[in-house]
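Chain lettering (A, B and C) follows the sequence in which the chains are written, and residue indices restart at 1 in each chain.
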C-alpha cells in the first residue's frame, strides 16, 4: 500500500519536475534572448486561442490522470480488508492507548505481526488527534464522539515512528510512539506474555454487569432486539430508514439509543452516555461483533482473503 | 455615465452630491449597489447559521421538533405580521418622499419604528418565557421528559434540545441585533426627513435604508417557519 | 498628457502628501491614497511581529529537543504567527495598500465609491489589531490559527475568545474593502474605460473582492459560534454534548480556503502589470488572464474539504473535492503560461520590480505544483499535516504573494512617494529574498515527505539537518526583508525625485504627477486607447525609455 503512494508521488515529482523545468527554461531563455536592446522594439502579440486551449486541456488531462490514480490509492487505503486483525485505539491528551482484540493492552506502542492486515478502530477521549505512521504512508484523524477506521499491512519487521499529527494541546509533540513489526514466531511469543483475555470477553462481562442482557436476549423475547448475527448487516429502523450495523452504529445505540430505534421495538432503552468509558465501549463493540461469526470478527490465524467490497465501517458522519 | 465632461466644483448641484462622484445618478447607483452587496454579505453571515441549523435539524429531527414545539408560535406569527406591516410602511415612506408628501413620510417612518419596537418587545416576552422555563442554554438548562411530537412514548434528548435552543437564541438574537441597528438607521432617517432633506430628486438614504429593513424582514420570514413551525402536530 | 520633464521643480507641486499637514489630517482623511499609507504602516508593523514569531519558531527548531521555549509557549508562537500573518498582514496587504491607492486611479476616478467607509475599514483593522495585541500580551492563544474544536472550545486554557473576536472585527475591515472595490469598479470607471480596457490588476482585485464579500461573513459567523460555545458551554461542536467537531471544520474551511485566493489573486494582478511594463508589450491572452481570475474566485469556493481528506469525511465526498481541486488548478496554470508567453519577443528590462516578478513566476509555479500533490487523495494521506503542507503554502504565500507585494511596492513607490528607491540595493534585496526563501522552505518539502508533523517543537533527531538548513535560510530571508524597509525610508528623505512616469508604463495612474494630487487627476480622463498600449508609449517617447532609477 505504501508502495502505491510512493509510485504516485514519484509520478507527481516527474510531472512537476518537467513542468518546472519547462517554465523555468522558457522564462530564463526569453529573459535572456529578448533582453532590451536599443532599437529593437517589443512585438505586440494579442494572444492565441489554440495555444490557450492547448495549455488548458493538456494540463487538465494530466490532472485527471493524477486524480484517478490518487482516488484509487485512497479508496484502497480506506477499505480495510475483511478478516483484518482488529486493534482498538483510544487517543487522549497526550498518549495512545491500544487494545488488541485478543486483549493485550499497550500504551504508545503497537506490536503487530509482519504481513498481516491490521485494522485500527479509533476514537478519542477528548480532542481531535491523528494517527500517523509515515513509514506505512498511513494517516487518519481520531475524532471524539465516533469511530474512525484505518488499516495497514507491514511488510518488513522493524520499529517505526508513530506520531500524533493533529495539534492537540501542550504535549502534542510528545504524543509519539512506535509500531513494532515482528516475525510471526516472535509475535506469538510476545502475545503469550499474558493478557487479560480477549476484548470480547471483557465486553461480555460488561454486557452482563450493565444489565444489557435483560432486554437484549438471544431468544429475542426481551424488549430489545437480539444482537445475534447483526453486525455488518442492514438494520431496518422504526422511521423506515435502513442502516448498516457497524462500529459507529453500536456505539451510537449505547450512547444515544433514541436516535436509531429498530423497527418493531419501543424507544425504551436508557442512554449510557457518561456511564461507560471509551475502553468499555470498545469492549462492548468487540463483544457484539463476536456474536456475528464471520463478519469481521478478529481471528488469530488470518485467512488471507482478498479485500471485498462489502459494507464498510464508515459510520454516520456529517459530510 | 457622464453628461458634462468636466466636473467642476461649485456648479449648481444638490449639496448632497459628494465631490468624488461625477453625477447624482452615479452616486445613487453606487449607493444602491453598495447596499445590495452589503446585504449579500449578510446573507452569507446568516447562511452559516442556517447551515448549522439545517444539519442538526436533520440529525436530531425528533428532539428539535420537541424543542420547537415549546416556543410560542403565536407570538412568532404576530411578530411576522408586525414585520410585514413595517415593510409596508417603509415602502409607503419612500413613496411619500417620491411624491413630496413630508407629513406622510414622517408618519410612515415613525410607524415603521414603532413596529420595530413592537417586534423587539414581543421578542423580549418570548425570551422571558424561555428564561422562566429554563430553556436558556447554560448551567440552569433543563428539558426533561418532553415527548417528541408524534412519538408520545419517547422523550427528547435534553442535550440535543439544548443545541436547538443555542441556535435559536443565536439566530434570533443576531436578528434582533440587526433590528436594533435598523432602528438606529431609521432614527437618523427620521431626523433627516424632519429637516426636510429628502426631495423627489434625492432620497437615496431612504431607499438604501429601506433595502436594509426589507432584508431584516426577509431573514425573519425564513427564521420563523424554520424555528417555529417544524413538525407541528395538533 | 505627455511625460513630464525630468527637471526638478524648485517648489513642490501640491499633492496628496503635502496638501494638509498634521496628525488630524491623516487620522480623519478620506483620501484613498492616505488611507493606503495608513494601512502600509499598520500592516508593516504586524508583518514584523509575525516575522518575529517565525524567527523564534525557527530558532527553537534548530535542535530536536524542546529547549528554547516551553511547549505551551511554542504552541502560542505558531498560532499567533499564523493569525497575525494571515489576518493582519497577507489578507489586507496588497488590496489595502496597493489596491486602495491604485484602484480609483486605474479606473480614472477621484476616489473610491465610499471614502468614509474606506476610513472605517482602516479603523476596524486598527481596533482588531489592538485587540489582537492585547490578547498576545496578556497570555496569547494556542489553538493553531485553525481553531479546531473541541480543543478551542472546551480544552484550551488560553485567550481563544479574545483572539476570535479580534479576527471577527478584522473580517469586517476586509469585507468593507472588497465592497468598496466592487462598487468603484462597476460604477466609477472614467468615460471610455470599458471592461476590456481595464488593467488586469483591476480584474484581479475584482475577483478578490468577490471572495472577500462572500467568504468572510462565513468565518465571522463561525467565530461567533466558537466564542458562544466557549463562553456559554454550548454543544454545537462538542461531541460530549451532541455536537459535531467536523461541522466546525466545514464552516471554517468554507472561508479559509477562498481566503488563500484573497491572498494570491492581488499579487497575480501586480505581477501582470510588472511583466507587461518591463517586457514593453501587452499581456499575452488578456481575456484569458482576466477570466482566469474570476474562475479562480468561483472555483475556489467549491474545494474547501480538500483540507479534510483524513478528517473523517466519506470517501465519496473526498473524491468530489479532489476532482474540483484539480479544476481550480487549471486557471492558475493558464496564468503562468500567459505570463511566460508575454516575455516572448518582448524587450525585457531587469529592474527590481521585474526581478520580483521573475521570482514570483518560479516560486508560484513550484508552490502551485505541490498543490497537485496535496489534491491527490492517495498522496495527501501521507503528507497532510506535515511540513510538506507548510512548505506548499509558504511557497505560495511568501514566494508568491509576498514577492508580488514587494515587487508592487517597488514598481509604484515613485508614484506613491514621489521619490526613487536605490535600484542597486533593491536588486540585491530581491536576490537575497529569493535565495533565503528557497533555503528556508525547500528543505521543508523533504521534511514533510519524511514524516515530520506540523506544530511539533521537538522532533526525532534524524530531522535535524533539514531543520538547521531551514533556519539558516530564515535568517537570510530576514535580511532580505529588512533591506527594503531601510531603503524605502531612506528614499523618502534622500531619494531622487521621481518623474510622473519613471517606467514609461501604461495605465491611468502614470498620467498624473508623482505623487498625485489629492483628487488624482486635474481633469477627468477620457480613455480612447486599449490597455497595455506599450507600442504607442514607446513610439511616443521615441526611445524605449530606460527607467530613470539608475
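Just so it is clear, contacts are C-beta pairs under 8 Å (C-beta built on N, C-alpha and C of every residue); 3 or more make two chains touch, one makes a residue touch a chain.
These numbers were taken from a predicted model, which means no experiment stands behind them.
*Asks:* Decide which interface, A-C or A-B, involves more C-beta pairs in contact, and give its chain pair.
*Replies:* A-C
*Asks:* Which chain would you call central, comparing Cα centres to the global Cα centre?
*Replies:* Located nearest the centre of all protein C-alpha atoms is chain C.
*Asks:* When the centre of a chain is set as the mean of its C-alpha atoms, what distance in Å lies between chain A and chain C?
*Replies:* So the centroids are 37 Å from each other.
*Asks:* Rounded to a whole Å, what is the gap between the Cα centroids of chain A and chain B?
*Replies:* That pair's centroid distance is 45 Å.
*Asks:* Spell out, as numbers or ranges, the residues of chain A touching 2 or more other chains.
*Replies:* Expected reply: 256, 318.
*Asks:* Give me the residues of chain C that touch two or more other chains.
*Replies:* In chain C, 242, 244, 247 touch at least two other chains.
*Asks:* Residues of chain B that touch two or more other chains: which are they?
*Replies:* In chain B, 55, 59-60, 157 touch at least two other chains.
*Asks:* Can you list the chain C residues touching chain B in their complex?
*Replies:* Residues in contact with chain B: 109-115, 117, 175, 179-180, 182-184, 186-189, 191, 213-218, 220-222, 224-225, 228-229, 232-236, 241-244, 247, 251, 254, 519, 523-524, 526.
*Asks:* Which residues of chain B touch chain C in their complex?
*Replies:* Those residues of chain B that touch chain C are 1-2, 5-7, 19-22, 26, 29-30, 33-34, 37-38, 40-42, 44-49, 51-52, 55-56, 59-60, 137-139, 157, 159-160, 162-163, 166-167, 170, 174.
*Asks:* Can you name the residues of chain B that touch chain A in the complex?
*Replies:* 55, 59-60, 62-63, 151, 153-155, 157
*Asks:* If we count contacts the way the header does, which residues on chain A are in touch with chain C in the complex?
*Replies:* The contact residues of chain A facing chain C are 4-5, 8-9, 12, 15-16, 19-20, 23-24, 26-27, 30-31, 34-38, 40-48, 51-52, 55-56, 59-60, 63-64, 66-67, 69-75, 77-78, 93, 126-128, 130, 132, 134-135, 137-141, 143-146, 148, 161, 163-174, 176, 256, 314, 317-319.
*Asks:* Could you pull out which chain C residues touch chain A in their complex?
*Replies:* Result: residues 66, 71-72, 75, 142-144, 148, 150-151, 155-156, 239-240, 242, 244-247, 250, 279-282, 284-288, 309-315, 317-319, 322-323, 326-327, 329-330, 333-334, 336-338, 340-341, 343-350, 358, 361-362, 365-366, 369-370, 372-373, 375-382, 384-386, 449-451, 453-460, 534-535, 538, 543-544, 546 of chain C touch chain A.
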